[in-house]
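Each of the two complexes below includes chain A, the first together with chain B, the second together with chain C.
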Partner chain A sequence: MDFPVFHLDFLGNRYLIAGIAILHVLINHGLAVGMMPLIAAMEWYGHKKQDPRWDKLAYKILFVCFLITTTVGALTGVGIWFSVSLVNPYSIASLIRVFFWAWFTEWLVFVTEVCLILAYTLTWKKWTAQGPESKKRHIRLGFALAFASWVTMAIIVAILGFMMDPGNWLTVNSFWTGVMNPLYIPQLAFRTPLAATMAGIIAMFLILFFTKKQDQFRNDALRAVGLWTLAFAPFVLVAGWWYYTSVPDAMKDNLGVSLGTLEFVDWQTKFLQIAVITVVTILLVVQFAISRPKLLPKVALVVPFVAILWMTGHFERVREFIRKPYVIGQYMYANGLRVEDYALLQRDGVLTYATYSNPLTEAEKAELPNGLSEPERTARLEAIQKGKDVFMNTCTRCHTGHGVNSITGHLQRMFGDQPWTPELTAGYIESMHYAQPYMPPFPGNKAELQLLGTYLQHLQQNKAPIPGAQSVGVIVSGAAAARSPEMTNQTEAAVQ
Partner chain B sequence: MLTAVLAVAESAGLFRAVGGAAIGITCIYFLFRAASLTVRSSSITNLYQIALIWIPGVLAICLALTGLYLVTSTEPMTLAYLLGVILFGCELVMLTIAAADLEGVVNAPITPVETA
Partner chain C sequence: MNAIPVPRDIPLPMPAPEPILIGVLVIFFLMHIVFVNFMVGGALLTFWYQLRGLKEKRFDDLAYEIASTITANKSIAVVLGVGPLLAINTIYTVYFYTANALTGAFWISIIPLVITAFVLTYVHKYLWHQMERMKWLHIGLAAVVSLLFLFIPLIFLTNINLMLFPEKWGTVQGFFSALMLPNVFARYAHFVLACPAMTGLFLVWLFRRKDDAEIAATGFERTELIRKGYQWAFWPTAAQFVIGPIALLTLPETQEPIHSVIAVFGVAILVSLGMAHLMFTETRRPAETIGKSFVPICVMMLVVVGLMGTGRHLYREAAVTPHRELVRAKTADYMRKVDEANRQAATAAEGSAEGVSQ
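This part shows the complex of A and B:
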């Protein structure tokens, strides 16, 4: 509550992060971590066999990866941290405190990786022309790039595992206890072959564009890359099982909701069936590519290509969701409030510690009940304003007012068109954590629960978008905020 | 055709016996051919070529057995059953192709398996 609340009322904050993060993972795993060793291996094989066709193919695939990873890949990589800093600065601040040196190291490795991919791509033709010694040096450069790509992933996976289950770090707050969290090694063991398999499928797809149909080399290349894919596939299954069995049972209970939405809890079984069918389809196509590459049409490789992107995207979505109600397991709830602060907040109220208030726009002030006197109207607006502040501070990390995953949508589904009285909604919110364990407990006090209920009642009538601080600014709470640095400053300063 | 007949029969025991026997025969045929080729060309093949001989067939055996397991352990005409039938049928074909491909190479004069 020390930061103004960034909020997207149509798309929702979590979709902003999810969109950027999933795109980045697809690029990072498929085109960098998995693809760089494959390209280096192709270059090495071509050099060993003195077959320039392998060299040309490897360069063409590298060029595609180079273009995408250094533009969209790099932007989304940085974009993840920008977006999470905006949406949940408290969680990222906690992670930085624990993983400062890990992040710093990752930054150094990332810069190295960028330099290596620039050097690897831009020196390819020149070093190839300079003779075998330069070529060997260039191949070593390729494997070094592959290693750097993997190290960046290995460091970040430690942080991702920590967010799911910090393990002993909760009692021993040391850096290495945080790094060696219970899910780190299983998750890394899963992502590494997954990246290699993804790269294999993407490479097979690209081979069809970079070789001619009648060319025997197309068959050889498809066979070799198909074998690469099949060689890593069993490790994906084995490590996937290891990873799944390492996930705490409380998180597995969220699996049904994480795969779809609240309305599709029963979709879990169907999704798992679709996932199995997808894996089988991928295996069949790759097998066919090895056995009868000449008969393989381009469209057949679109299936595993799309399927693996879909599967990985869903895996990331599930990973993000099942750790709820926490954003950092057992340490910080998804609303950005620490577990250990809850007792204080529930006694004093969240507004007591809120530095900023989120002003109502004129559109948000509309749709008040008819027949209110001016004092009643003022009192009503004041209650709505405070209710909105509670909503913004405790709900908007995940929920919108009227957009995707909207709180009004959930209330409409539960209570229909009957009036959403504060008693009705507050009664539900007070106990929702016990009915739906993926929801954090309400962090405020009883009075704030009623204020939130009043605001939700207002939202039933008022459909105006709820702007974030980035659109309408904030009002410094002044003396009302116990932790305000300037306790004597009674003036409200609009910040924009 | 065999798979279709077994699937329509909806008898887990029959599928297990006949399907298992079909996999067994094809499997022995493949393993014999693959082992023979590996031994005959051991001095002139590399790891990649050995992988090319073994991996397609071994994977097909594993997936065919998975298909057989799905068929015999689930209720007829459920999604898992149908998936098992398709998997069993396709992988039996893939296993036969893998073994037949090796036969041509085994009967040929000893030359390295041309891969790239």
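This part shows the complex of A and C:
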């Protein structure tokens, strides 16, 4: 990692990304990809039947989607970029170098999508008032928007697929090999009906707000959207099955570790169970909504929605299985180091090539063992500082000190209250990639293993939060810095 | 502490020739920033006219007209930011990500801040008539939106500035210390002044194309509205003749000479003079001829904006070029060592394999 280390010691860095990404996927699938065709269909149906109630309802639902997608939806999309570039700058930077044009195209489609949703929403009333010709044009606009939303998703899934597809990256860096990867089509086939089903459930939920209980139209609307939902739900299961059976194919190259395989089988079984439960829940609730619309409470629709969330969350975890312990299959580990770097780093040490060091706060320096002489203290602090740098560079992308998935929590569980001496911990860390297939091998050399051990022992006593570069800055490591006089900026003196 | 960090770059080739990436960056960035100007300026003007609307109702209606334009402009502003984000990440990887990490808490808070600003903008617009009875609360919303829109650009500017000065990376501790680096506030003032000015021109465009019924609904004459637009365009632009040179003169010195930067900004100032003159003339024109110079003014503004973007890019290049050479050398050296270590490891493995077979 050759950037200053951004670090959230309480929440954990991965949860920052995961939180933003999950919110984004939900909004994107439920309110854009799945909902736009449904709204356009409703508008079309209302126009065909010359029934303005459909039109009003469609507009109200669209308005809710508009408010949410253009605020939380759009910004969480950007937020994924922002958070990944803080947490894993080397991985996103590498991916951009290879997929620049794919992302650029994706962006153009996205710009189109934003313009279309603006146009679709903001011209609705005016064009409707202008008569049938304008209305037809407006409906076409709706379907164009629906198409653009789907294309955006299709491209993103291709990019994700390629990132997940191990091996290809190293040999054929082309976008099309990504599209050809064994998971692409099943994944797209899974997400499409999933989005449509989610949209159906959300729309039914909104219908309960936008129509009156006594109103016959509520029943009609629930029935129509219910049919939409029922039509797509089985495909979630079918495509889910397809996806599920294609995963091992994609994993073959990456996984030799039996433990990982066991965990994966566990995942698979659970995924299938959850998918069945979800789809059955959807079928039951929707059936009920269609047959007994008057008795339907709003919370009833929350249940299938939560089930979908559960399934989607579980579904997304598959990427971890396929990728681990890499962030880019076979090319870069999740700690940001390339596979190729290991020979050098394990020989010379990661600190030799680290540009930055992560300063210890006063609180982090507390709780040293009692009775140290002054020189011992200094030497100890120096070792802790170096150990911290090793930790920051090799473990913090996945572990915190004392927060979520904390290293101290793991060590406490493994070693309890006995002192976590380097002798105790170093042996484990050296072979940690066998113990936990999520983890890459330790990238440093033997001396660094001892330093890390010293630091971990310190963490047993010292519970101070570990700050990231965003609050305490960095120290530029001596050896890595350029000291040529011409590089010092002349204004330096003026400023200080 | 004068140590200048020289990190390694990502050892992968650029996805396209550099001039193309730079073109993407500069062009889309300018489009982004123009819509940001419309959005921020729109919010500020809405707030201002709402305050005036307390005394005279028709100003409140005018405020509503302006508020209605923010909805589209803000979405376009944000989506147009993503293209340059891609490009800047590619071209200035080391610089941009480092600045992001060093101001990380504020950098990521852009997301919730913009979401909040946007949601409040919607509340403010779509509940305008319902909130008639809670006027102060409503105006309070406009004030909060304006403050948010004034703060967010400061985060961007701090990053864009910090990335240029590797010698500061070791001394910065979080956002506020990066904010205090030279040139941030001068550039910020330059940006903030541009907001009402660009929005003024936008309003001229808007009021020229609205039909008579729509204009009548505002309670103003078309000429009055157009004149107001020009006044918003002119006065802040006049102030730019003071602020702009300050921003230019406070640019930290670079190792590379920046004659071309100064030349570009010099030409921009000359064109601006002509443009400001035309704007002023327009504010004095009667109903029959007002708006006559609108197209030339827009063309000149486009030229000015293009020159600003160019000058800004040339300065950035001048600031980072020497350091980038060091980074290149460092990266190449590192990759050599990686190769060497891998060869060594391979030989060692062969050696031990032979040892076993014997």
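Going forward, the second predicted complex is superposed on the first by the 432 of 496 C-alpha atoms of A that agree within 3 Å, B and C clash if a C-alpha of one lies under 4 Å from a C-alpha of the other, contacts with A are read in each partner's own complex, and residues count from 1 in each chain.
Criterion: contacts are C-beta pairs under 8 Å (C-beta built on N, C-alpha and C of every residue); 3 or more make two chains touch, one makes a residue touch a chain.
No experiment lies behind these values; they were computed from the predicted model shown.
By the touch criterion defined above, A:231 lies against chain B but remains apart from chain C after alignment on the C-alpha atoms of chain A. With both structures placed on the common chain, the touch criterion links A:212 to neither chain B nor chain C.
In the superposition on chain A, A:49 contacts chain B only, with no contact to chain C. By the document's definition of touching, of the two partners only chain C reaches A:104; chain B does not. Once the two complexes are laid over each other on the shared chain, residue contacts for A:283 go to chain B alone; chain C is not touched. When the shared chain is aligned, chain C comes close enough to touch A:343, but chain B does not.
Touching more residues of chain A than its counterpart among chain B and chain C is C. No residue of chain A contacts both chain B in one complex and chain C in the other. Against chain A, in their complex, chain B makes its touches with residues 48, 51-52, 55-56, 59-60, 63, 79-80, 83, 86-87, 90, 94, 97-98, 101, 115-116. Across the interface of their complex, chain C is touched by residues 2-6, 16, 20, 67, 70-72, 74-76, 78-79, 81-83, 85-86, 89-90, 92-94, 96-101, 103-104, 107, 110-111, 114-115, 118, 122, 338, 340-341, 343-344, 347-348, 353, 355-356, 468-478, 480-483, 486-492, 495 of chain A. Chain A contributes residues 45, 49, 51, 54, 217, 220-221, 223-224, 227, 230-231, 273, 276-277, 280, 283-284, 287-288, 290-292 to its touches with chain B in the complex.
Contact residues on chain C toward chain A in their complex (touch as defined above): 1-8, 10-16, 21, 24, 71-72, 75-76, 78-83, 85-86, 89-90, 93-94, 97-98, 100-108, 110-111, 114-115, 118-119, 122, 165, 167, 169-175, 177, 181-182, 252-253, 255, 322-323, 326, 334, 337-338, 340-342, 344-345.
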